[in-house]
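In the two complexes below, subunit A is the common chain; its partner is subunit B in one and subunit C in the other.
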Partner chain A sequence: MIFLPELIVVVCAVAILLTDLWLDERRRVILAPMAAIGLVVAMASLIISVPQNGLTLGGRFSVDPVGWWFKVFFLLSGLITILISLDLLDGRVGVRMRGIGFRGEYYTVLLATILGMMVLVSARDLITLYVSLELATMPLFVLTAWRRDDAQSGEAGMKYVIFGAMASACMLYGLGLLYGLTGSTALTAIDRQLANMPAFWLATAMLVAGIGFKLTIVPFHFWAADVYQGAPAPVTAYLSVASKGAGLAFAFQILYRWMDGWIADAAVGVAVFAALTMTLGNTVAIVQHNIKRFMAFSAISQAGYLVMGFVGGLPEGIPAMLFYLLVYAVTNLAVFACIVWFSNQTGKEQIEDYRGLARTNPLIALTMMLGLFSLAGIPPLSGFVGKFFLFSVASKAGFHWLVAVAAVNSTISLYYYLRIVRQMYIEPADKDSTRLPITPTLAATLMVLSATQLLMGIIPSLYETISSQTLAWLAR
Partner chain B sequence: MTEPAGIVLKNAWLIPAIPLASFVLVGLVVRPLSRRLAGIVATAAIFVSAAMAWILAWEYFSATPHGEPTAVIPWTFEWLRYQTGLTVKLGVLVDPLSILLMVVVTTVSALVHLYSIGYMHDDEGSGRFFTWMNLFTFSMLGLVVAPNIVQMYVFWELVGVSSFLLIGYYYQKPSAVAASNKAFIVTRFADLGFMIGILILGFYGFRLFSELGDAGLQPFDFAFLTSPAVLERLATMHLGTCDISILTLSMVLVFMGAAGKSAMFPLHIWLPDAMEGPTPVSALIHAATMVVAGVYLVARLFAAFAASGTALMVVAYVGAFTCLFAAIIGLTQDDIKRVLAFSTLSQLGYMMFALGVATVGHPLGYTASMFHLFTHAFFKSLLFLAAGAVIHAVHTNNIWEMGGLVRKLPITHATFLVATLAIAGIWPLAGFFSKDEILGAALDGGHPVIFAVGLLVAGLTALYMFRIYFLTFWGKFRGMVTDPVHEVPALMRVPLVILAVASIVAGFVPMGRFVRIGEEHHAGINLAVAIPASILALIGIGLAWILYSADGRRAAQCTVRMGAFYTVIKQKFYIDEAYLFVTRRILFRFVARPIAWFDRHVVDGGVNLSGWIARTTGSVLRHLQTGQVQVYGVWFVGGALLVLLILWAGWR
Partner chain C sequence: MIQYLAEHGPGLIHWLILSNVLFAIGIYGLLSRRNAIGILMSVELMLNSAAMNAVVFNRFLTPRAVDGEILALFVIAVAAAEAVVALAIFVALFRNRSSIDVNRMDSLKG
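Right, the complex of A and B next:
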């Protein structure tokens, strides 16, 4: 059964919702482990199935190696998100945050988005594709506005809904136009004759805008900063990673399965958007003070690096993007785990609040520093390797100016990532600051994440596996 | 032709891996618990490694009794893949040369570790000492088993780092810190040449690889770089219109690295200062093992050096000059360890020129060089360890403050005498045989000048070694120390005795059977060489006895009569001062200062400007983020239109 992982996620989500009804508030602690175990089992069933090709549900649902790697990414980021959310939701925090609760619903909704993303990469039909995209997006609106009585969280949710609805509508019109032009909802390579029709350009432009919204590509990125800042920290973590992955998966579905090979003609456009995105993200991040908003702009710039993989439509672009996505998930979530922990313990989220963290909690400061350095792309951390492959795709496509822009941007990013490191390591701690406690779950998660991102930078086999499997699939 | 096989051979990677594991274990776990236990664990690990190295040698040579020796790579791991066909593997190469070095390194290292347990007994930081010693042993073994030049370079630098750490072991002492810096900087400078050499070799090797490459080989592998077809092509290639072939150029650059590590003139200046480290470090690293890495590198690439001819000449003459030069300085030094350091330089010169005089037709020098490397490791580490025992007892390095120790330190005296006789080349001790082969090879290869230098230095060696022997052990005690002088504890005596036995019997090892190029040869004693060399050695000893036996009074008169000449030698020909003059007066003033000015005013200004631009851009762009969803919506629509425009332009 090729949709076993999806089925497990569905069952787990329903089971959590039902169990929640029978438990009193104290016993709801078991919901987080349930969700985590559900994802682990789903991951196991996915891994046992190894990348394979298969088709079911009348050709509407199919699996292949590229989709397999996307699903690994979705399940992994979902799992890490649960591990970093549970302290906040179970109330094991230093400073209580109002309006956090409803654990059963939280995990159900989270699993629903994961399910949506997983189906998204497997869809072979426009209707399934659109429905799963909505399933992946709508729960995120809910999660963003999770703190009901917090004005900022509510505002963020509202903005997200409005902007998201606009993007959705835009995409739906695009898909509708394309259906009208091709007369089929099947997601298979379409006739190139269509390229002469202005209606086709309009449809493509609308779809690209929708992709840009999910991936936070300039100028479709505006929602990100406000939403990231307002959402609860674990949700921000999830948004910055999984939602971006979903956007990439959607882009992959549209650009590689449907408009197979057409992206090569739009290389200049992709390069311009990539350059704009990374430059805006990086320069604006410099002047931020709130760490979540800061990470929002950092994530925008990372999206700029990521879409470099599309430049020229080279086959090497896909493994490079998939690898970077995995690296980015581990690295960014490692940094976010520190941010979540810090806001749990102190309730603070300004960059200046991190001063002297290396004195009071040296190990956490170290993992955060490693994560930030990896995001900046310093060897031998995995972020460097990931960027290296993306840059080499751009240079292979002949876009040397883009590589130069990206390199300059990496330097700028190092500057602002170092701002946080400077607060942690160089600025003196407050006199009354003491060592902050950390729960064993979060400590273990942090350790595993740090070790993983280090290993991914040193051991070449992960990239080689992704590369050989996806390239073999592309050359099918 | 059977492929050598055996359990240890299959698992040869364990030989470097055990010291590595022990380094991690001792450094992270054991050292904080107990520094005594750290010494024991570190020593035990090296002993296991040494036992494996000996078994490996036995397995290998019993499998190939007389046939052509084959190189086996029992373990390899792909480490870096630049592109298809350009990969670097980490691996373990087992051939006679690497086995020889593995045996020498692990054996001497094990004995020095054992000795150090006693020597470092009262030192608070001995846990750190053993950690670095293990790191060094691992690095040296990694260097020795390298199947390609990149792995060798990596471990080459690791060896340099551990040497740096150990020279600066007494980091509270400014002189030790200065010495460790000096060693690091000088060898790094030399390694720059090595690195450029590797890059040139790699670049041209990779170009040739597509046509000459063999399955299972990589462009950086020694087996590829020294294959005749590649060498022939490299020798005919030229850099632009330059007269020097690529082969010669890269080999001379590689030799620069080798000369730095093996302290050949004029890059020798770091080695005497390196004696600031603890004496066991001097014995292991700066006498027996690390400093022979340069010799080993030349031997490893011997086919390439031989194919170049010119590069081999450079090796021969640099070696011969260093041999003589260091021996002359050795005659005048007062610090016992420094005399031994100059003696090491001189002996390394022997090994180098022995390689230099060898050719593919006359490969005797190759074997002789490796033979001398083998014997020298034993008697020179013994000399250092015995000197350490003396220093341990009298608390000074100055030979003029010693004397009359024969009775007080009987074992130390006996072992020191054995080593001194061995290095002086007295029959039947080890040094006699290896030196005899080297001189024979020089004569055989048609290098009368080098032969004459070697013969002269044989006499000088006996003279300077017996000078310190007589001053240290004979006559009356001239020191200030009032506490009674004690013989070293038993733990330190064991390695001394073992090394003394090795210094006596190592010469009887039929090296020509094991390490050779081409035909196996049976070394007989070459009387035409042995007799004059022995006579000169005896003259040297006699001269030393005349000058230095009676507390050196006659020598003092000589010194006065020689005047300025003596001072120049004693100041080591002012080479250090020349370096300082060049670096401080010329480089710093005329190169570094203008660059510093440029950096401070132009580069920093540029960096600050770009930082300012990025910040300002950020502050301007952030105003786009108004927080109003309507504005965002407008941007969204504008963006979609922009995409449409691009599509229209692109697909029209």
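Right, the complex of A and C next:
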């Protein structure tokens, strides 16, 4: 059964929703462990029982090494998101936020998006692809607007749902045109001859808009800052990691299954998008004051680096991208765990509020600094290794100017990540500031994330495994 | 007259133009409406034009298969779900702000 992990996620989601009905409010704390265990079991079943090659349901659902690693990524980021959101939802916070709660629904909806993303990478059929993409996207609208009594959360949800629906309509139009051009809904390589038809170009433009929206590629990034700022902090964390991974998975599905064999023709376009995205994300992040908005632009620039894996359509691009995605998940969620913790304890979200954090909570400040440095790509942290592989792909494809732009951008990003580090380490703390408490779950999550993030940069076996498995499949 | 219409029925291209026009009207509405409900209606128009595309292609290119029609059915279901989510968010927002005018949604800025 190659869809066993998906099945487990569905069963877990339904079980949480039903359990939620029977429990009184005080006992609902068990829902978060249920969701976490469900994801761990799904991950275990994925690793133990799912072969890396296989298809079922008449070839409409299939697993290959790339999809397999994407699923590992989705389950991992979902699990970490649950671990960092349970304090907020269970009310173990210093400052009570209005309108958060509804735990059973929250975890159900979160598991639904994870399910959508997992089916998305396995879809081999246009209809499955479209429905699973919507399943991955629509719960995110709900999660963004989760704080029902908060006008900002609602506003973010409204912006997200309008732009998201528009993007999905554009994408559907593109998919429909491609269906018309090929006459079949199967996701198989289409004839290169089609590239001469204007309808094909219209379809490509529509698909680029849809993919760009999910991946926050400039010029389709404009929704990200507002949505990330308004959403509850754990949801922002999930949006910046998993949703981006889903966009990448979707781009992979389109580029490597439909346009297989001639994505190299689009190399210049991909390179320009990557360069624009990282440059805009980095330059605008410099002037931000709200930390969630800041992380939004940081995530936009990271999407620019990730897209470099598609440049030239080289097979090496895929393992580099998958590895960076995993590194990005661990690193970015480590930083977000600190942000979630800080906003839980103080209710503050401005970068200036972090001043003197190294005096009051030195360990958390240290993990946050490590995470930020890894995002900036300082050796020996994992972010550096991930970026190195991506840059070498672009260089191998002959895009040396792109590597130069990316290197300059990494330097810029170091500047603005250091702004936070400066607030934490150099600026004096407020006189009345005291040590802030941290819950055991969050502390353990943070520790594991930081350790993983360090190890991924030092131990090469993860990249080698991904690389040998995916390259063997891509070369077949 | 009826004889003429039967012989000169609309072809693939006419239906495609119709769906394209619908899509364009949807985009126009999306950009020009100030009320969030109006924007949602425009988005539904865009989704429906895409669904119509699928049905039209199915009818003219592969009349024996039903892939496009099934796609259209799923699009209708997804559009309904989308409308539910969007309306729920708009209702929650209206409770807080007493307005769903998108021009006044400017509290999030950097």
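Following the convention adopted for this analysis, the second predicted complex is superposed on the first by the 474 of 476 C-alpha atoms of A that agree within 3 Å, B and C clash if a C-alpha of one lies under 4 Å from a C-alpha of the other, contacts with A are read in each partner's own complex, and residues count from 1 in each chain.
As a convention for this text, a residue touches a chain if its C-beta (ideal position, glycine included) is under 8 Å from a C-beta of that chain, and two chains touch if they have at least 3 such contacts.
The structure presented is a predicted model; accordingly, all values stated were derived computationally and were not measured.
By the touch criterion stated above, A:156 is placed in contact with subunit C alone, subunit B being left untouched. With both structures placed on the common chain, the touch criterion links A:268 to subunit B but leaves subunit C unconnected.
In the superposed model, A:204 lies in contact with subunit B only, and not with subunit C.
When the two structures are aligned on the shared chain, A:219 is found in touch with subunit B, with no touch to subunit C.
Once the two complexes are laid over each other on the shared chain, residue contacts for A:166 go to subunit B and to subunit C alike. Legend: residue contacts after superposition of the two complexes on their common chain; A:148 is shown touching subunit C, with no touch to subunit B.
With both structures placed on the common chain, the touch criterion links A:229 to subunit C but leaves subunit B unconnected. Looking at the shared chain after the overlay, A:353 reaches neither subunit B nor subunit C.
Judged by the touch definition given at the top, the superposed model places A:287 against both subunit B and subunit C. Taken together, the two complexes place residues 159, 162, 166, 170, 225-226, 284, 287-288 of subunit A in contact with subunit B and also with subunit C. Those residues of subunit B that touch subunit A in the shared complex are 81, 611, 614-615, 617-619, 621-622, 624-625, 627, 629, 631-633, 635-636, 638-644, 646-648, 650-651. Those residues of subunit C lying in contact with subunit A across their complex are 23, 26, 30, 36, 39-40, 43, 46-47, 49-51, 53-54, 56-57, 61-62, 67-68, 70-71, 74-75, 78, 81-82, 85-86, 88-90, 92-93, 95-97, 100, 102, 105, 107-110. Subunit A makes touch with subunit B in their complex at residues 159, 162-163, 166-167, 170, 195-196, 198, 201-202, 204-206, 208-209, 212-213, 218-220, 222-223, 225-226, 265-266, 268-269, 272, 279-280, 282-288, 412, 415, 460. Per the touch definition, subunit A reaches subunit C in the complex via residues 126-127, 130-131, 134, 138, 141-142, 145, 148-152, 154-159, 161-162, 165-166, 168-170, 172-173, 175-177, 179-180, 183-185, 225-226, 229-230, 284, 287-290, 293.
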